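Two complexes follow with subunit A in common, the first pairing it with subunit B and the second with subunit C.
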Partner chain A sequence: MEDEQSFSDICGGRLALQRRYYSPSCREFCLSCPRISFRSLTAVTCTVWLAAYGLFTLCENSMILSAAIFITLLGLLGYLHFVKIDQETLLIIDSLGIQMTSSYASGKESTTFIEMGKVKDVVINEAIYMQKVIYYLCILLKDPVDPQGISQVVPLFQFTGWAVGLQRDSSQRGAVRPELLPLRPHPCRLDPLVVGERLQMQQP
Partner chain B sequence: MACSGGGGPSQPPSPALSSVSPGSLPTCRSCSHNICMVSDFFYPNMGGVESHIYQLSQCLIERGHKVIIVTHAYGNRKGIRYLTNGLKVYYLPLKVMYNQSTATTLFHSLPLLRYIFVRERVTIIHSHSSFSAMAHDALFHAKTMGLQTVFTDHSLFGFADVSSVLTNKLLTVSLCDTNHIICVSYTSKENTVLRAALNPEIVSVIPNAVDPTDFTPDPFRRHDSVITIVVVSRLVYRKGTDLLSGIIPELCQKYPDLNFVIGGEGPKRIILEEVRERYQLHDRVRLLGALEHKDVRNVLVQGHIFLNTSLTEAFCMAIVEAASCGLQVVSTRVGGIPEVLPESLIILCEPSVKSLCEGLEKAISQLKSGALPPPESIHNIVKTFYTWRNVAERTEKVYDRVAGEAVLPMDKRLDRLISHCGPVTGCIFALLAVFNFLFLVFLRWMTPDSIIDVAIDATGPKGAWTRQYPSHANGDENNEESETR
Partner chain C sequence: MVLKAFFPTCCASADSGLLVGRWVPEQSSAVVLAVVHFPFIPIQVKELLAQVQQAGRVGLAVLGTWCHRRQEPEESLGHFLEGLGAIFSHEPWLQLCREPGSKLWSCKATRWQAPPGPAAPGEDQIMLIFYDQRKVLLSQLHPPAVLLDRQAGDAPASVGDLAAVFDTVARSEPLFQSDRFGEGPVRLSHWQSEGVEASILVELAKWAAGPVCLLLASLLSLISAASACRVFRLWPLSFIWSKLSTCEQLRRRLEQLTLIFSTQKARSPAQLMRKANTLVSVLLDVTLGLLLLSWLHRKDRIGQLADALIPVADHVAEELQDLLQWLMGAPAGLKMNRALDQVLGRFFLYHIHLWISYIHLMAPFIEHILWHVGLSACLGLTVALSILSDTIALLTFHIYCFYVYGARLYCLKICGLSSLWRLFRGKKWNVLRQRVDSCSYDLDQLFIGTLLFTMLVFLLPTTALYYLVFTLLRLLVVTVQGLIHLLADLINSLPLYSLGLRLCRPYRLAAGVKFRVLEREAGRPLRLLMQINPLPYSRVLNTYRLPSCGCHPQHSWGSLCRKLFFGELIYPWRQRGDKQD
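Now for the complex of A and B:
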């Protein structure tokens, strides 16, 4: 069984969420963002080259032009290999654990596995991030010493967009200012997307 | 906590209450408001403003409104926290400049505040305390965004010295286009109206309150063989610690059975320690240091007489708390203090060592002759005076009125700034307002309101706080999926 929905990340970019149900105890959630677009690639290359030509006309040293070639190439390689993540996958197998895979644009994959025994809970948390306040999904790991405590918080879907738990909540009560609320057409609620999770509030 | 006892489901504001302002739009009568309280001062910092914000928010939540609080980060306490009843507190990572007040540039806080206002769908910004730079920032941004604004002033100012002149000018600028202002006493209202050159009609008086269940008398805790005078205040100049250091040796010489218990911390503590050292009063003057709010009652009930030596005070919570614990109150006659308690419960003196000593001697002689009413009866009188529910009810009326008012559009706001605040200041701040607006337009272009997601409403009985999600939601999930599509 498989279904696909589209969401937007915190910056308004598009994200696609695929859910695959292999069996009642095994599910996969896959969040992918669009591949690098030709337009942005061209824009960045042009900017670097224009800057290089500007410098070249000033000091007339052809080293600058060759340096610009190297910078563009290395930058692109580095970006594709280390920065740009196309897809993040969360595989959950009941009683076994949670596997997180991120695939980079170059094809590199990195995988982390967390045993179910270590997982205390999966929660949607709220945080201040840059100049924004965002929701994000995270796994709480048990503290081996203190069974009630939390040793670590592992954020999920960090790179393709924190924005997993976020959809519009149209069930909001109270007055809504129309000018503040150009709601998008798609219906909204905070959907408990992953695992058997619930919205858990931080206790005071 | 004032509202924990209520327990019952919150009622929508009753129609009788909402009929305050005949001019307001009928649609806003019954609707609940989304209120954002902004102040630099909030827990874990302790003080009158902090508990005012907390208790008022709790009672407003109980009345069915959505309330969030925005303050700056305190040390490790940053990010988003939830307090009782799903009261959400944003601790923003802004730099603290002086005295727990954040630095202001009027611009740097706009992105975060705007994000919060939009995602929480805030309709009314309620700022607290004129010392708080963040509160003024929020007012400024809210007006730029076209939200309704309310401001509560908790303190009194002078008019003479340079710092007051400057603060008053800033207050004039900040309040000239604010929808409504709340003061805690009539003295404070007079002061604010004069300082900020306001129209008195948009200034309301709503006193502070105490939670009478937290401050109950306990006559068995005090020793009747000696007389104990309790002082609980921050030990700073404003609270008259210097007067206190003059009173202690004089009275201790006169009455051998007199003890002092002093709670609180501050830069002037050193003076009291010197006095204690010089007159060898170690066994009779106890300095307790900083007190937590929950310990205050335990200190108060140990005494017979409560002494307040404040030099300026808009509304003194401490004397109400003390009277609620059944103590005889001796206080300076400054600011709004004479309005707070009826004459039978308080002895008012001039703010001088001599007058305060006379007042204390009068209280001591009354105590020795047994002329004072018993603590229980004082408590029963005081507990009817100031309750948080009453404060919330009155504040709600202000919100209802404000919700019906129009926010000044940009051009009128600029006119108001230039005509109200003098040619130079007015023009400067009008320019800043224009910059702020341009910055807001830029931010709206960078992150449109439509991509900011709506926060879940955690407050109140129907909030997400109390809603339980089933832990194995297989059956539920299908329903939810179909709804999502």
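Now for the complex of A and C:
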């Protein structure tokens, strides 16, 4: 079973949300942003090369041109392989865990799996980004020492859902301070990013 | 709760039989380890399981039946398999079945007694998770899941689901020792059933390692005993040892070799990895050193080097002399205090003169010294690098001396100026209270103090200029030495074995697992494929980096600048706390 909806992210870009129901105990949410556009690629390349030609006419050194070619190629490769994320997938398996996969434009995939036993709760967090308040989903992990405490806040759909912004290093407790709203009774006023309906998960 | 059945992929093509594995009641997951084939005698199967249970301290049981329908529907087999549940009673009783279509799997879990919960007795919801037994057995989870002390008996119940799966597979290794060519009473199907994986070379190496390690360990203990002799602890010698980085490197190398050839068995995987990393780094180091040695000894390069060394030292001294002459004139158009300038300049020139005569005295022996020192490269490239660093330190000793003189003079002036400035304002430093107090001075004291202050202020630029120039020279030498030490540290601390393992066998170092949903048909159980998620390279480096000898800079940039401004001595990064002052 599969359905698809489109949303816009906090910067106004288009996002497509796919929901797949494999079985009652396993479902997948897949958020994908548009692929790299031909127009922006051309614009960046032309800018770099025009600048290189400008320098070349000034200095008359052909090293500049070859350097520009290398910079463009390496920059594109690095951008596709390390920066540009096309798709982020959240696979939720009942009584097993939550798996987050982000696939880069070059095909590289980085996966993190969080066991259900470590998940304390899934909440919607509020944070101030630039001059507005944004909402995002995050997983709270249990502290192995103190069962009431939270050891880590793992944001979901970090790259496609809400454009970068927040500190990624939230490993220390209290690094992300805003109020943690429990997900279930919260009214649905999260226009920019409504990821599925309520994610119902039974804690083991 | 959903019932999870972990099933090894290697058993997917096995014939029908019994499923053997472990039932984890907390997570309601069944970890299937092997398939027992027909014909078998139930007592023998139970005996085998008891043996494995004793060896690996893990509770194994017959979990259910496995039915692989090849071509024709075997109705009789189905009834027979159901009947087996009565012999091996287990709660719940799994019935896995694979249809000839190869993609159609069915799974049933029957509970004989009603569970305490509200759920109806009978069948549960089931999820099939396939795993690669070999990879799961060989991989090592990071971070290690709770301390798996084997003496504690049963597997710890508090660890996570996946850690329990990994632990179960690792503990039931004795089960995988029998292959299908063996004459055992029970025929099993698992990842090694086609033949036990082993290598003759590895077995030979294991066999030979014991006596070799014993021999080398005794030799090394002899060497370390000799180096701990009291003669070397006497004052001048111990001072020299502490200053030379070569000695430190040699001590380090001795420690590394002792670690490698220690006859004790590594107790934990981390220790084993550390041993292997040290071995590989020492091997690489020695190989590079030997390459350097062969390069040096070919075509009489040592002679050329020795011939080149004296002119270089001469050249450096000449440049320094020129610099001093320039400073004694009007450097960069600045007008210095002529008398002080001349005194300082002559003092330093005399020093350079002394240095040159010393070098020329050494000239005939340099080639022999270099030849003997070059031999030490067979101990490793790092030793050769530390010798190079020490040589640089010795050859630029005059620069160091200039720097110290300049710094001391400058420091004295700064101190004098600061205390006279307080006097100028009618205050003084109270040593007992560690603060500045006001104080009433006599007229004479004020007059003398102000006079001295004025003189010091006017003499300061000359001293500051000398200090600045020699500090820059000193910083250059320190930077070169620091780079050499960084290189040596890199060779010493890089975990090459772990990196190679991550590159060639990514599943050996696991950060966790990842799941993939396999194709599913309506009405059939969900099938997942569990794969090993390899550790990222950065975490491999962080986890397995060998302890380095503390080459990280002691000062932050701010404190370095502060020290430079106040004329306190700075030492190379390498220096330890005890040599600070």
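Please note the rule applied: the second predicted complex is superposed on the first by the 159 of 204 C-alpha atoms of A that agree within 3 Å, B and C clash if a C-alpha of one lies under 4 Å from a C-alpha of the other, contacts with A are read in each partner's own complex, and residues count from 1 in each chain.
Here is the rule we go by: a contact is a pair of C-beta atoms (placed from the backbone, for glycine too) under 8 Å apart; a residue touches a chain by one contact, two chains touch by 3 or more.
The shown structure was predicted, so the numbers you read here are calculated from the model rather than taken from an experiment.
Participant: I'd like to know which partner A:V83 touches here: subunit B for first, subunit C for second, both or neither.
Facilitator: The answer is neither, since A:V83 touches no partner chain.
Participant: Touching A:L65, do we find subunit B (first), subunit C (second), both, or neither?
Facilitator: After superposing on A, A:L65 lies clear of both subunit B and subunit C.
Participant: Once chain A of both complexes is superposed, is A:A43 in touch with subunit B (first), subunit C (second), both, or neither?
Facilitator: Neither partner.
Participant: Quick check on the superposed pair: does A:S23 touch subunit B, subunit C, both, or neither? Answer first, second, both or neither.
Facilitator: second
Participant: Per the contact definition in the header, classify A:I128: touching subunit B only (first), subunit C only (second), both, or neither.
Facilitator: Touch partner of A:I128: subunit B, not subunit C.
Participant: Please tell me which partner, subunit B or subunit C, touches more residues of subunit A.
Facilitator: If we count touched residues of subunit A for both partners, the winner is B.
Participant: Could you look at A:L74 and tell me whether it touches subunit B, subunit C, both or neither (first, second, both, neither)?
Facilitator: Neither partner.
Participant: Where on subunit A do subunit B and subunit C both make contact?
Facilitator: Subunit A residues touching both partners: 24, 204.
Participant: Note which residues of subunit A are touching subunit B in the complex, please.
Facilitator: Touching subunit B from subunit A are residues 3, 5, 8, 10-12, 24, 126-128, 131-133, 135, 163, 166-169, 172-177, 179-184, 187-192, 196-199, 201-204.
Participant: Of all residues in subunit C, which touch subunit A in the complex?
Facilitator: Residues 1-2, 4, 27-28, 125, 127, 129, 160-162, 512-515, 517, 520, 526, 528, 533 of subunit C touch subunit A in their complex.
Participant: What residues on subunit B touch subunit A, complex-wise?
Facilitator: 28, 31-34, 65-66, 78-84, 86, 90, 92-93, 111-112, 115-116, 118-119, 121, 123, 146-147, 403, 447-458, 462, 464-465, 467-474, 477, 480-481, 483-485
Participant: Contact residues on subunit A for subunit C in the complex?
Facilitator: Residues of subunit A touching subunit C: 22-26, 28, 91, 93-97, 99, 101, 111-113, 115-118, 204.
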